[in-house]
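Each chain gets a letter, A, B and C, in the order it is written, and its residues are counted from 1.
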Amino acid sequence: MPLSARIPAALAALTVTATLAACGSGDAPAATAVDANGNQVVTVAANTDFTTPVQLTVAKVDAIRAKLPKAVLDRGTLVIGGGAIPNGSPPLNFIGTDQKTLTGVESDLGRLVAAVLGLTPDVQNASWQNMFVRTKSGEFDVSFSNITVTEERKQQGFDFASYREDNLGFEVNKDSTWNFDGNYGSFAGKTVAVDTGTNQEKILVEWRTKLQAEGKTLEIRNFADRNATYLALASGRVDIYFAPNPSIAHHAKKTESTPHPSRSAGSFSGAGTTLQGLIAATTKKDSGLVQPVADALNHLIENGQYAKVLAAYGLSDEAVTRAEVNPPGLPINNS
Amino acid sequence: MTSLSPPPTRPAEDLLGRLKSTKVVPLRHPWRWVAGAVALVLLAQAAHALITNDAFQWDAFGYWFFRPVVMDGLLLTLELTGLGAVFGLIGGVALALMRLSRNPVLRAVSWGYVWVFRSIPLIVLLLFLANVTALYSTLSLGIPFGPSFVEFRANDLLSFFVVAVLGLSLHEAAYAAEIVRAGIISVDQGQLEAASALGLPKTRQYRRIILPQATRAIIPNYANQLINLLKGTSVVYITSLLELFGVVQTQASTNSGQIIPLLMVGTVWYVILTSLLSVAQYYLERHFSRGALRTVPATPAQRFRARMRSLGVAR
Amino acid sequence: MTAAVTVRGAVKSYGANRVLDEVDFTAAAGEVTAIIGPSGSGKSTLLRAINHLEPLDSGFVAVHGELIGVRAHRGRLRELSERAILRQRSRIGFVFQNFNLFPHLSVLENVIEAPVVTRGVAKAEAVERARELLAKVGLADKETAYPRQLSGGQQQRVAIARALALRPRLLLFDEPTSALDPELVGDVLAVLRDLAASGTTMIVVTHEIGFARDVADRVVFLDAGRIVEQGPPDQVLLAPREDRTREFLGKLR
C-alpha cells in the first residue's frame, strides 16, 4: 500500500473521534424565525445582558436576490463569518449570554442581510486570522466583524461593502483624573494602550511624533489581546486605552460593580487626521456577492431597520447614510 | 607499683566501657524547625492574600468553574492532549528508530523532520493546516505520483478537530522523537550486544530489552512534554476551536468585568490536570524502576500506613 | 581431534589501525583455549569475531565446519542475513566482561528469555532447565532477584547460566573476571573449572594466568593483532620461546 494511502486511513480514524468534539458554532435557532407570509423575523440585540431585544420583520427582495451567484441561491444559506475567537469585542461581535452563540451588532446585521436576500443565515465564529483565510477560500460568503476597509486588504483579494464608521474613545480607570481635552497635548507623559494594526494606532503614532518634536513623551503599548489590555489598565501599567468608542462605553458599564471600574474619558472621530475609516462586510474578491450584500445593506438603511439595530446596541453615532462597494480604504502604511 | 602511678589510660577505658552500650543522640537542627515555621507562615500569608483579595471575585469563580461551556472546553483540552500525546509518541518512536537506524536515508529524513517541526511555531503549523483547503482543495488516495482511486474534499476530511489533532501530533512527534532517542541511547550498548549474542530477533531486542529500559529515562521527560502539550493546546484557537483556555478567554471578553476570576478558573483546572498527570507519572516511574533500584520505593499510601502503624494508630 | 573453531586469515582494521592481522587459529572440540596478551592486542576482537559480533574485513571463521556470518558465493564471502546470523549466534554462548544482564528482568527471566524466544522451548521446560543451571552455578535461591541486587560475582554466574541455557556447542568468555572484586573471582573461576571438566569447548580471554595454567588445554599469546606463540600452558607460560611472551609474563608477576 503506498504511503499516501495510509495517511488518509489514519485520518479517517481520527474523524470518528472528531464528531465527539464537534464544536457548535452555528446560529441560535431563536435569532431568526419565519412568519406566516414567508418573511424572516430577526430578533436583534437578543442574547445579551445590556440591550433590549427588538424584533424586525424583513421581506426578501427578489430584485437583489436575482444578483446572487447561482451556487449561493441553490445552497439557500448565507455563511456569515465572524472573527471573535478567542476574544470577542462587545457590543460589536462576541459570544452572547447563552455562552455559545456569536452575538452583537455585526452578526445581527449579517442576519438581516441574509433575510433581505432570502437566505438562511449560518453564522460561524473563527479566529481573526482564520476568518480572512476562510473568507478568501470562499468558505465564508461574507464576514461581518468590525473589519476596516484598507487598500492593503483590497490588494489581498477582498471586496468590501461598507456599513459603519468607527468612532474612537479613551478609557481610563474610574479614579483617574485624566480627560481628553480635544488636543493631543493632553497625552504628554502618558502611557497609552492601543490594538496593533488599527486606525487608532496610526493616529496615536502621529501624536507621538508631534509630542516628541515638542520634547515631550508618549509611550505606546500593544498587548496580545483585549483581556490583557484591560488587566494592564486595571493594574495601572497603562494610563489610557485608545479604542473604538462602543467597546469603551460597554466595558465601562460592565466593570461598574467590580473591584476595578473604568470610565470613558472622551471620544475622537475615527476620521483621524487623514481619512474616514469605514467598517465593511467583506467577501472574496469577484465572488459576485459584494454587490447584492451592498444592495441589501442599502435596503435595510432605507427601510429603517439598519437604524434600529444600531440604536439597540447604542451605536447610532456610527451610522452611515449609504453602503458603498469598495470605498477608498486606509492607505497602505507609509510610516 | 600500681599505687605509685596508675596507668593514665585507665579512666578513659572506664568511660569507653560505659559508653559502648549507650544510645547515640542525633544532632539537633533547631534552624530546620525555624525555616519550616517561616515557610508555613509565608504560605499561610499567600493563601490569605489569595482568598481575601476581592480582585479574584471568588463568587464569579464559583459561577464559572463548572459551567457547561467551561466543561466543553475542558473536554476538548483532554481530547486534544490525549490524542496528541498518543499519536505524537507513536510518531516519536518511529522517528527515533529511523534516526538510530543504519539507513542513511531514514536517518536524514528523521533528522529533517525534527528540524522542520521543531522550527515551525505550532500556531503557524495549525493555521497552515486549518487552511490547507485554500492550498489543496482535494486529497487523494492512490499510487504516489500516479493515478488516484478516491478523492476527498479536503474540507470534509479535515475537520478543525482533525486539523488540531494532526497539528499537535506532528509537532509533538518531533519533540517526542528526541526524548525517545535520548532514552534509547541512555541504555548501555552492551544490552544490545548481549541480546544479539543470545540470538534474539531484532524486534524482540527492541521490544523486550531496549524499550523497557529506555522508558525509565523517557517517562520524566515525556511527562514534562505532556504537561507542555496540555497547556500548549490553547493555541488551537487559531483553528477556531475553543478548548479550556479559549473558552475562558472568550467568556472573559464578553464578561470583561470578570477577566481575573475566569483566568483563575482556567488556571485551577490546569493545576488539577497537571496534578493528575504528576500522580500518574509517579506510579509509572515506580513501575519501570523495576530492577533499576535495589528496592522499589514505597507508594505514599504505603508510607502513610507504615507511619500510622509505627504510631500505633492502625495495624 | 576435530576442530571446533577454525579461524583463517582474519583481518580487522579500525581506520588505519589493524587490530587483527592475518590471524590463523584453531580450537579443538572439548578443549579449553585461553587467549592471553596485553590490552589492545586484539584478543577481544578475535573472540567477538568468532560469533560475528565483530565482522571481519577478510578471512573467515568456521564453527564445527560451518562458516559464521558469511557464506561462500562465486568465490566470494557474502554476509548472511541478520536473521541467519542471529540463528548461528544462538548456538554459541558468549559471556561478557561486564555481564550485560538485562537489569529490568529477574534472574529467571534473564535465563529463560533466549531459549523461549529463539528456540521455541515451552516456558515450563525452560524454567525447569533454568533452575537446574542456577543450582549448578550456586544461585538456586536467587531466581526472583533482579541483577542489581546481586554482587558482581553472582551476576557473572547468572550470565554464564544464561549462556548455557541455549545448550551451546561452544562457549566464549571475554575477560569474565576482570570486572570483579578479587574475592569474588574464585567463585566464577570455580564454575569455569566445572564446565571445563564436563568437556565443554571453551575459549577464554583472560588475565588470570593461574587459571590458564590449571585449566586450559592450550594457551594462545596474542600481541599487536598477531599470534606470537601458542601451545600447551606449561610450554607457553613456563618456558616461552618468544621474547615478547616472556616480557608480557614478566610484567604480570
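Convention: contacts are C-beta pairs under 8 Å (C-beta built on N, C-alpha and C of every residue); 3 or more make two chains touch, one makes a residue touch a chain.
Note that the structure is a prediction, hence the values are computed from the model and not measured.
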item: Contact clusters after notional removal of subunit A; value: one piece
item: Most centrally placed chain - per-chain CA mean versus overall CA mean; value: B
item: Chain at maximum distance from subunit C, centres defined as averaged CA atoms; value: A
item: Pair sharing more residue contacts (C-beta pairs) when B-C is set against A-B; value: A-B
item: Subunit A-subunit C separation of Cα centroids, rounded to whole Å; value: 79
item: Rounded Å distance between subunit B and subunit C, as computed from the means of their C-alpha atoms; value: 44
item: Separation of mean Cα positions, subunit B and subunit A [Å, integer]; value: 40
item: Touching two or more other chains - residues of subunit C; value: none
item: Subunit B residues within the subunit C interface of the complex; value: 188, 190-191, 193-202, 204, 208-209, 212-213, 216, 288, 290-294
item: In the complex, subunit C residues that touch subunit B; value: 51, 53, 82-83, 86-92, 94, 96, 98, 100-106, 113-114, 117-118, 146-149, 162-163, 166
item: Of subunit B, residues touching subunit A in the complex; value: 54-55, 57, 67-69, 72, 75-76, 79, 83, 127, 130-131, 133-134, 139-144, 152, 155, 157-162, 165-166, 237-242, 245-246, 249-260, 263
item: Residue ranges of subunit A touching subunit B (in the complex, touch as defined); value: 2-5, 8, 11-12, 14-15, 17-18, 20-23, 25, 84-90, 94-97, 99-100, 124-127, 129-130, 133-134, 136-137, 139, 225-227, 230-231, 250-251, 254-260
